[in-house]
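Here it is, the structure, as structure tokens.
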Amino acid sequence: MRTIKMGIVGLGRLGKRHAENIAFRVPNAELLAVCSIKQDEVDEAQKNWGIKYAYTNYKEMLENEELDAIFIASSSTEHCKQIELALEAGYHVFSEKPLGITKEEVDYITNIIEKHNDKKFMLGFMRRFDPSYLYAKKKLDDGDIGKPMYIRCYSIDPVSAVEGAIAFAEKSGGLYLDMMIHDLDLARWFLNSEAKTVFAVGDNYLYPEFGEHDDIDNGAAMIQFENGAVASFFAGRTSVHGYHIETEIIGTKGTLRIGTIPEKNLVTVFNENGAVRECHEGFLERFENAYLNELQEFVNCVLEDRKTPVGAFDGLKATEIGYACKQSLITNQLVML
Amino acid sequence: MRTIKMGIVGLGRLGKRHAENIAFRVPNAELLAVCSIKQDEVDEAQKNWGIKYAYTNYKEMLENEELDAIFIASSSTEHCKQIELALEAGYHVFSEKPLGITKEEVDYITNIIEKHNDKKFMLGFMRRFDPSYLYAKKKLDDGDIGKPMYIRCYSIDPVSAVEGAIAFAEKSGGLYLDMMIHDLDLARWFLNSEAKTVFAVGDNYLYPEFGEHDDIDNGAAMIQFENGAVASFFAGRTSVHGYHIETEIIGTKGTLRIGTIPEKNLVTVFNENGAVRECHEGFLERFENAYLNELQEFVNCVLEDRKTPVGAFDGLKATEIGYACKQSLITNQLVML
Amino acid sequence: MRTIKMGIVGLGRLGKRHAENIAFRVPNAELLAVCSIKQDEVDEAQKNWGIKYAYTNYKEMLENEELDAIFIASSSTEHCKQIELALEAGYHVFSEKPLGITKEEVDYITNIIEKHNDKKFMLGFMRRFDPSYLYAKKKLDDGDIGKPMYIRCYSIDPVSAVEGAIAFAEKSGGLYLDMMIHDLDLARWFLNSEAKTVFAVGDNYLYPEFGEHDDIDNGAAMIQFENGAVASFFAGRTSVHGYHIETEIIGTKGTLRIGTIPEKNLVTVFNENGAVRECHEGFLERFENAYLNELQEFVNCVLEDRKTPVGAFDGLKATEIGYACKQSLITNQLVML
Amino acid sequence: MRTIKMGIVGLGRLGKRHAENIAFRVPNAELLAVCSIKQDEVDEAQKNWGIKYAYTNYKEMLENEELDAIFIASSSTEHCKQIELALEAGYHVFSEKPLGITKEEVDYITNIIEKHNDKKFMLGFMRRFDPSYLYAKKKLDDGDIGKPMYIRCYSIDPVSAVEGAIAFAEKSGGLYLDMMIHDLDLARWFLNSEAKTVFAVGDNYLYPEFGEHDDIDNGAAMIQFENGAVASFFAGRTSVHGYHIETEIIGTKGTLRIGTIPEKNLVTVFNENGAVRECHEGFLERFENAYLNELQEFVNCVLEDRKTPVGAFDGLKATEIGYACKQSLITNQLVML
């Protein structure tokens, strides 16, 4: 059984999780190298996990000829450049979303990726690999709910993470491109169609700080798709009950809801508040399995020389819709795609 | 359309509810007379609801020849005597549970009621008339879950009512006869069989005060029924989340649960505690419709000269099981019926 | 205790329910007269319920000087005219929604109603009187969820009723005015603000028959309110699981959902399909208590000479938004109010 | 980072899962050897997973000096003997439950295990390692629900597995020792007390075939614990909705329920049946994480030279209660422990 030898760049909270998944939880994957601009992160990773190579310079890692693939989990601002370098150096690449932080970057890197189509490229829209989402998608594709007419997507970050979001607002691309983009991808995936008309509305209801970066703390969008289906979105930064990721697809023959109560586990607590389901605290908890599954799928695609299920085109299309949302928000007008 | 003219005795919290139901919410019922040993309760009822006759002496009310039926909602210690007097005076009788507070009383009054079988008698096991219980019973009788193998019943009063329960412990008959008796009746009703072997265990986990009256604050029982089915009970006085009445019937082909979360209404609250369903606060709220439906059924039975669905025999059998539980609790032995 | 003597016009399915509520379930209300253009409906009502007066001619009923108030439950096309006649004849009036079926009618009757402000007028937006909605509204007004940022409303009729909806499509005003109008009112009520910008999208996904009357079978809308909140709506005619009425309000400090699973009662069925909550079959079942409560409130307003909580202005505003939705649907453009 | 080199015996459905966990999903564990009496299972495992050593003879595997620990996942009838041989050969041992299939075996092996207390021994009561159970246990230990008064445990196998259970009935030890034993352990764990008095009732409601081996298809038990708490159990073989594992602990200050609806994932399906939560199909699905966590814990205990959290004593005590249940079932009497 062949093993894919990987190097990861970025060892922040999510990067560390990805690194552990590569190192310990996905058969056929091996974590041969770690890279971060922070020496202590690199040292810690190498020591704790027994990693062979450690770098603080990304380009040096790319010269390591033992590697098969690069996993990019660095800051969003680095993705585009690092993807290009890794592809040029001849590696398969898995990159966390987003592809890039400006529309120009995204257009550019999409072309680069297409040019290197002898190498596997996969983008981290991990929700598609969550067991509940996979289960719903299969039911939809099996025709269990008929033709989808309406999809509703919520992505609401816990308010406990709001300080980080404010700090990151300058570079994040804003609520629609940073947060709602997962749902924009899900809508395309479930509806199997492209967005046509966009109307977006939102505001800073609690944290005017977002406004300093032309961002908002909570926002909505309604989008008409080419196949006639309608998509409705709500994204926010101020959930008090936890990390609320919910998707609903109303079809002509039935309805599917994923995560309508974002229940943390199978425990119900009855106390003076009533019957309580505690909720997920954040993305690492909610999408634990999704992160694992997407990595396994990438490794399998490399090993079996298959097309990856989420490519540059998906990143490009989701980004285009996100930009349209942002434009609609600012102009208070419909935006056509 | 004929109307049943009723007099009610007992105007406590539950008595008042019954009185209002008779007066305003059940077609074909008319509240012609109210009776209580407390003059102010009588005055208030007469004034607020415009009731024609008011008494502080029960026997005087029984001399009112305009009345068709007597509704007994007085203290448990009065039921037996008042049932007898009303039947002897020629009235149809609806009595709140229990039939009596000693086994001797219950045996005695069962005979009396049987002797007056030209008059309708109905006992207030109101849960049988709750829409959810009726719905479950119909499914069971329709064979939807096959043959019942196991029934589980919870009756847990809110801790907010514990002071009243302690004060009442001397006369209540104790947890099994006062609280669990509703479930003992439900088990007989759902299983359509009689109890055979009883094992009961409980304790004063929080309120030793109950112990002064040979009572307990929380207790369980497991009962083998003649048809081979098993029934498991838990009753208590210390629920912090509300009034928890839950019943489950596991059959050979499916399972029914009633009230597994005793949700107050259709509202889910998402707050810092998680996803919260608030719960019923007490029996008046939970069984609002059941109290209405049982009264309507009694009135219909009188008007249509039909046998009432809950008679003295049901009270007798539930009481016998309750006594067996109490005996098992005290002796820590099995009790055969 | 004074009693309001009422005459009802319209004895269809909903009219009959209202008539029974007046006759039997609301203290201080008396059903003195029934009116329908169908002789058999009138005869049946008079006989079954023992009603004193029966009419097939509405104007004749208005000449009955014993009456205090008129309840209008006739066809939507008759409301406007019948409201005017009743007010001119000096009665208090309760009318089922809608106020009228054209914008002109609604403007006209709003003026008429305002002119007769010595008489009580109330419009049947019954959802406001549903216990769960009342409970949520109180929580919102108490500040439990902070400031509302987003409201989501679903109103989906069971597909079992679709034939009736098709037959009625010519006169109903269409999905937005006939079905979504309840939610347009709820949004105004919960947000305490007026609609500003409207985008509506929908289609005939299953029943092209609706298209013959410029109507659709399922549709959505997103509306920006003056206070900055966003409202998202979905209405439809093709629900397979039952009558799905759901409302969610996301606030700065918490979220409220009403009816997220439109559970029929407290029974959970475990069978080969899984853990199943059966759902409400239709509006008469779902809003049984709401219909009762709105009537009680109207009677109380008359008796206590209070302003009714839902007046012509509410009907007018909801209608205006409904028209804007329809216009947006047809033009595929934003509509400003 | 040191690695524990393991050999596994038994490559049936559960054995294979354990083997994969050792080989791929638990850091610090290495699957060095596989053993099964079935040559094809051994060959397949060796080939698919690239395992170094493969045996059809258990004793030969025990001679492999590269191994640190033996994982026993063979037939229940082999456990006792294989545990002894592995300990005598100087290995750490993880064994699937049960310790043995007769009381004599269990007593015997408990002594053997205690004698080899220089080696780690752990028994596969995996439910203790399920995230939801761990979460509940922590809440209980933190005092969130006060003092436990009552525990209810359900373990109901899907009817789809009934043929296997019938075939296995001769050797399984019967419903109480094979199925309910997990709950007997959970009750001891949650209550932190030992069983005192046992009453068990059950029958063959659907499959008389179980009776040929003195077994039953569904059964209940109520057990009084030394600390005064009561435990109520139901176990069965005929669940139609899936694999139903549910535990509830009612305390003096609150209640915890684990798995009250054994929901498969976060998807709710709305279809003609209502609002449906699909359920777990079997133990491999429900306890996927628990199997992983228990293995990780065993590996950690070996590496850190810690006492394992589930030892022979736990197996012994659960077995004693199971035997008492069986005896109570047969005699229809209370059994004291």
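Observations on the model:
By written order: A, B, C and D. Residues from 1 in each chain.
Methods note: a contact is a pair of C-beta atoms (placed from the backbone, for glycine too) under 8 Å apart; a residue touches a chain by one contact, two chains touch by 3 or more.
Small disclaimer: the values here were computed from a predicted structure and weren't measured.
Repeating the A-C interface with over half of its contact pairs identical by residue number, the matching pair from B-D, B-C or A-B is B-D. Among the remaining chains, the Cα-based centre furthest from that of chain C is the centre of D. Separating the centre of chain C from that of chain D, both taken as means of CA atoms, is a distance of 56 Å. If you average the CA atoms of chain B and of chain D, the two centres end up 42 Å from each other. Centroids built from CA atoms put chain D at 37 Å from chain A.
In chain D, the residues that reach two or more other chains under the touch definition are 239-241, 253-255, 260, 262-264, 268-272. Contact residues of chain B toward chain A in the complex are 239-242, 244, 261-264, 268-279.
Interface of chain C with chain B (complex): residues 1, 23-27, 49-50, 131-132, 135-136, 139, 144-145, 253-260, 262-272. Those residues of chain B whose C-beta lies close enough to touch chain D in the complex are 147, 149-150, 152, 156, 197, 199, 201-203, 205-206, 218-222, 224, 228, 230, 232, 234, 236, 238-241, 250, 252-255, 260, 332-334.
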